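Same chain, two partners: chain A is paired with chain B first, then with chain C.
On to the complex of A and B.
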């Protein structure tokens, strides 16, 4: 196990290096400069300001400088937020995104699984159709539509929760619900399909024959087996949610990281583009690693590398 | 869970069907280049009925990028710098200036030396007095190439003596034409006479900085509330990614005039969310995008504010067809600008037929509006346009023409550009190819003059006709149309030199220059002057809109009748 993780970490460093390299050169293809008033400055003056930030150097030299600084843990300073450290900007904004993503994942997955279970147990009954219907709706209607509905009806009309902004736990309620709809739908669908398959297999029949009651079988054998494909799907989804979602964060005025990434690209804020990309990449790789480890825990048939 | 869930599901579904139709993107349209503001809002007589709680709640569509006056470039930064800092002068009503740190000034006979007398009772929020040295330090810092300021060289270069040379790295920073004769006398030497220098001193880049504090903070200066210093009506007491809070500065020299105790600003990027916050009373004012205007037009708290920001088509004269004057005149005349503003923009924007906004600058003696004096420099007239176009085609010896059109990629830009394309293609044999590109790319292609027609805009940096007319001189950094007229250049040159101290002649020269530019040479096809629509709580009083610099002045604002 230890060797496996070490190996994965080495791969991770190589992956990060490749991502950093690709991103660096790709972003240099963006039109424009990071100057916010490029339209007002003469070309000569633009050149002087760019030189101050080392952007007059040939791109390979800039790349080399960036990588050297990166190895020393220095991601540079932002252009949009003059002089502000990239790491500070990311750390200041990742908290709300992580919190919302996490809440939405937990709530969405748990409710979704329950819904899927109910469907499977009462296969072809009214409840099954009901939850399948929910799943289809949840998956096909974009989250910003739900967000708009929630904001208007629950926030403005009913006044149960704050319309937008950030601060107390109440402020997280509506964005969490809006974000949870999608994982809920996915979880419900997968849970249902997998459960139906598992419940039809021989060992379940055996268990039932041995006198284990219906719900016992469902929870002890069925759910555990259904979890494997579910985790495969929900892992990447979790990353998407926890690294911030532009639309939901904008609608609920959440000071998250989602919009920062998009804005940095629109304004050619090179250090932030690099910083957020690398941050997301690390996050992604770590989650994938955790998922792989989880497989082993959930299903003893999947064993990682050594010890076989 | 079962029953309740079911009910909720059905409800959600029904609602989503209903709302899917009305929910749309909220991209705010029409990017301008720079800061834009103006017009006039709620004006109420000062009265005794002020509420006991003087708290104003606002939002901004983006975070404050920087509170460092030397580095600021955008409307949000200039707004909050303007609320927390006093420069030599402050922006007053109708584009006039009012007392700030300076009480008055004298101008030398050659118009080159300006001596400002400063008040001796202004202090920084750390207790230090505001002196002439603070201006010297700040201005030197703004043009110092090591600072990396964009607006420093832009606003001061060619205006203050040696500013350009210093910014280019050709002269030491001490040679900047600004000196403290004593603690409360500031002497500024200009490169050339600059009649609008008084207006310039209200601009954010010209704000003073407390050297001791700035140097002590070093790289951390102005990055958070604790590393800020103020000498204006308000101080920022809290500031993070979600918003910021200002409180009244009790040590402000004019604190008696300041009524608001607190201003809360939240960052809200979606207009629809801001509207919802307005409806639940969490913000006191909201700027409406085009798609919200119809819904709220008849509301009592609906108001529009005219801004001195112009939009127009730039016509690249390096293009063979557009090098023809008759072709350019045809383009000017074929676009129905009234429908554009009334139907498409629908927010009080005005059709424009010149290169100077309405209510921006006035005749020094008669006080007539520049725009009124020159009037419309052409009329929309499709028949006349066709004739001009026919002549152009003859002169160019062509039957058909195809030209490119560079526009923005926001929803509003796309709609507008489609409309203009339609209008232009009324000209027989003309095909217009619209290309929608992001703002940055448009700027790049403007710089390289890689366009035929371009939908562009400009907001003023200071209150003087020069901020619009100076753009089009030969090889001007923002000209990029290939227009070059000795006559035009000499008019602008004359207005800013010989006539610097002759306001009436200067004004009249600039009127002539505008006529030459639009009427005779048809360099641009003007489109519209922007207005913005707002929902504005009637209890928010005495907030003034500014023609340049910070969008709004909150110094005199107060709340009355909210309780």
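On to the complex of A and C.
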């Protein structure tokens, strides 16, 4: 197991190197320069600024310099935010995104799984239709519509929670709900399908033939087997949510990283683009690793043989 | 002989969008302690549904036991609630399933799957259950039980998994063991081992066994009595000798005729023409009539009752009616009958 993780971490470094390389060159294809107010600067002034950031060098040299710095843990400074360190900016901004994404994911998944379970157990009953309907609604209506509805009714009319901005936990409630609806719908749909399939399988009949009661059949024998495909879908979804969602962050004025990322692309803020991409990549790879390890926990057939 | 199970006029139907599928249409049989009854018949004849209905394991809805009684030790199982059935399943009646590759939970340790019933029904502690699991695994012939019980099903071969399935079924020493084609998915040598194992255990525990199969070779090997099912009914029931050497129903003739034998002169196997009827709309009269070359006018109009051949032997065919013409069974069947007569004379060997 230890060896497997080490191996995966080595692959991770290689992946990171490749991603850094690709992003670097792709980014250089972006039209425009970081100098947003270029028309107000004279040729010489522009040259001075570009030289200051090493942007006057040939691209391969820039690439080499960047990689050398990166290896030393230096991601450079932002062009647009008063030369602040990229690392500091990302760390400042990732917090709210991570928190919102995590909350939405946990709440959405748990509620979704429960809905799916109820659906499967009361297959073709009123509860099933109700929860399937909820899932379809949740999946087909975009989150910003929910965001608006929540802001208007819960935020403005009822006044239960703040409409926008960031601060106390109350501020996180509405964006979390808005974000949670999609994973909830996905989890409910998958859980329902998987549970129905699992409940029809032979080993469930075996369990029933042993005299196991309905609760035991569903939770001891059913759920665990239904979880495997669910994790496959939820993993990438979790990454998407936790790395910031531009729309929701904008609507609720949350100082998250999603908004930051888009802004840095629009302004050709190279160090921020690179830094955020690499950060997302690390995050992505780590989650994929965690998912792979989770598979092993849930399904012994996927578990790695000892000493392998 | 003490009667363990008495099934009276059991009807099982499934309500589908297309209408009511009458999977089992009035089945009667009984089983004594320590006895083995084989139920044979082609796919779709209602064998599995019959036995699943005994444990009320058919999905309800769409399935339902429409009428009839299932008297197990005098108690009518059809009247019991799901909760009461849970106390009987796995304890008094247990089941061995057909496919060992799918009938074990892939994410649960084998030992825990066996112990589950013990902890539930016999209120054993974990350590008591563990000891019993090891005992059971040894009983079904799994070596190194102590380590094997901590493994998962995918670490076992098909034959070994079926032994685990048998161990699960035997865990609480059930009075009635239902084996639904327990050896169909296994290769022949493993088949023989599993059958031996079941016979051994039956000797020790005195349990009654209902054995579903479409392999007549297995029937001859394990059963005391045989029930032949067709289209949701038992068409002939009798001792193994009755069915193998003095069959009366044309369907039984067809089944026996389609069984390969080593000393047959003809190399071609007999196949019963046609296919079983649609149980959504069961035909009027004898369901087998359309495929029966001996069918008479009455077969198409009225269902035959069970005619008594001997105290142990009954068959539902109009051919046994006193007014029915005498007909010659097929050659292969006549040969069996002669073989039987010579066996009775003291010498001949079973075919």
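Some observations on this one:
The rule is short, and it goes like this: the second predicted complex is superposed on the first by the 303 of 308 C-alpha atoms of A that agree within 3 Å, B and C clash if a C-alpha of one lies under 4 Å from a C-alpha of the other, contacts with A are read in each partner's own complex, and residues count from 1 in each chain.
Note that a contact is a pair of C-beta atoms (placed from the backbone, for glycine too) under 8 Å apart; a residue touches a chain by one contact, two chains touch by 3 or more.
These numbers were taken from a predicted model, which means no experiment stands behind them.
Aligning the shared chain A places chain B and chain C next to each other free of steric conflict.
Of the two partner chains placed around the shared chain by superposition, neither chain B nor chain C is touched by A:287. By the touch criterion defined above, A:208 lies against chain C but remains apart from chain B after alignment on the C-alpha atoms of chain A. In the superposition on chain A, A:106 contacts neither chain B nor chain C. Looking at the shared chain after the overlay, A:298 reaches chain C, while chain B stays out of its contact range. Of the two partner chains placed by the overlay, only chain B lies in contact with A:250; chain C stays clear of it. In the superposed model, B is the one of chain B and chain C that contacts more residues of chain A. Contacts of A:5 after superposition on the shared chain: neither chain B nor chain C is touched.
Least inter-chain distance for chain B and chain C in the combined superposition, rounded to the nearest angstrom, is 23, based on C-alpha atoms.
For the contact definition in use here, the chain B contact set and the chain C contact set of chain A share no residue. Across the interface of their complex, chain B is touched by residues 30-33, 35-45, 48-49, 52-53, 80-84, 92-93, 114, 127, 130, 133-134, 137, 141, 144-146, 148-149, 151-153, 155-156, 159, 163-167, 250-255, 259, 266-268 of chain A.
Considering their complex, residues 55, 57, 82-83, 86-91, 94-95, 97, 99, 102-108, 113, 116-117, 120-121, 152, 154, 165, 168-169, 171 of chain C touch chain A. Against chain C, in their complex, chain A makes its touches with residues 201-203, 205-214, 220-221, 224-225, 298-301.
Across the interface of their complex, chain A is touched by residues 1-2, 5-6, 9, 12-13, 15-16, 19-20, 23, 33-34, 59, 63, 65-66, 68, 71, 73-74, 145-146, 148-151, 153-154, 157, 167-169, 219, 221, 223, 240-243, 266-270, 272-273, 276-277, 279-280, 282, 437-441, 443-444, 446-447, 461, 477-478 of chain B.
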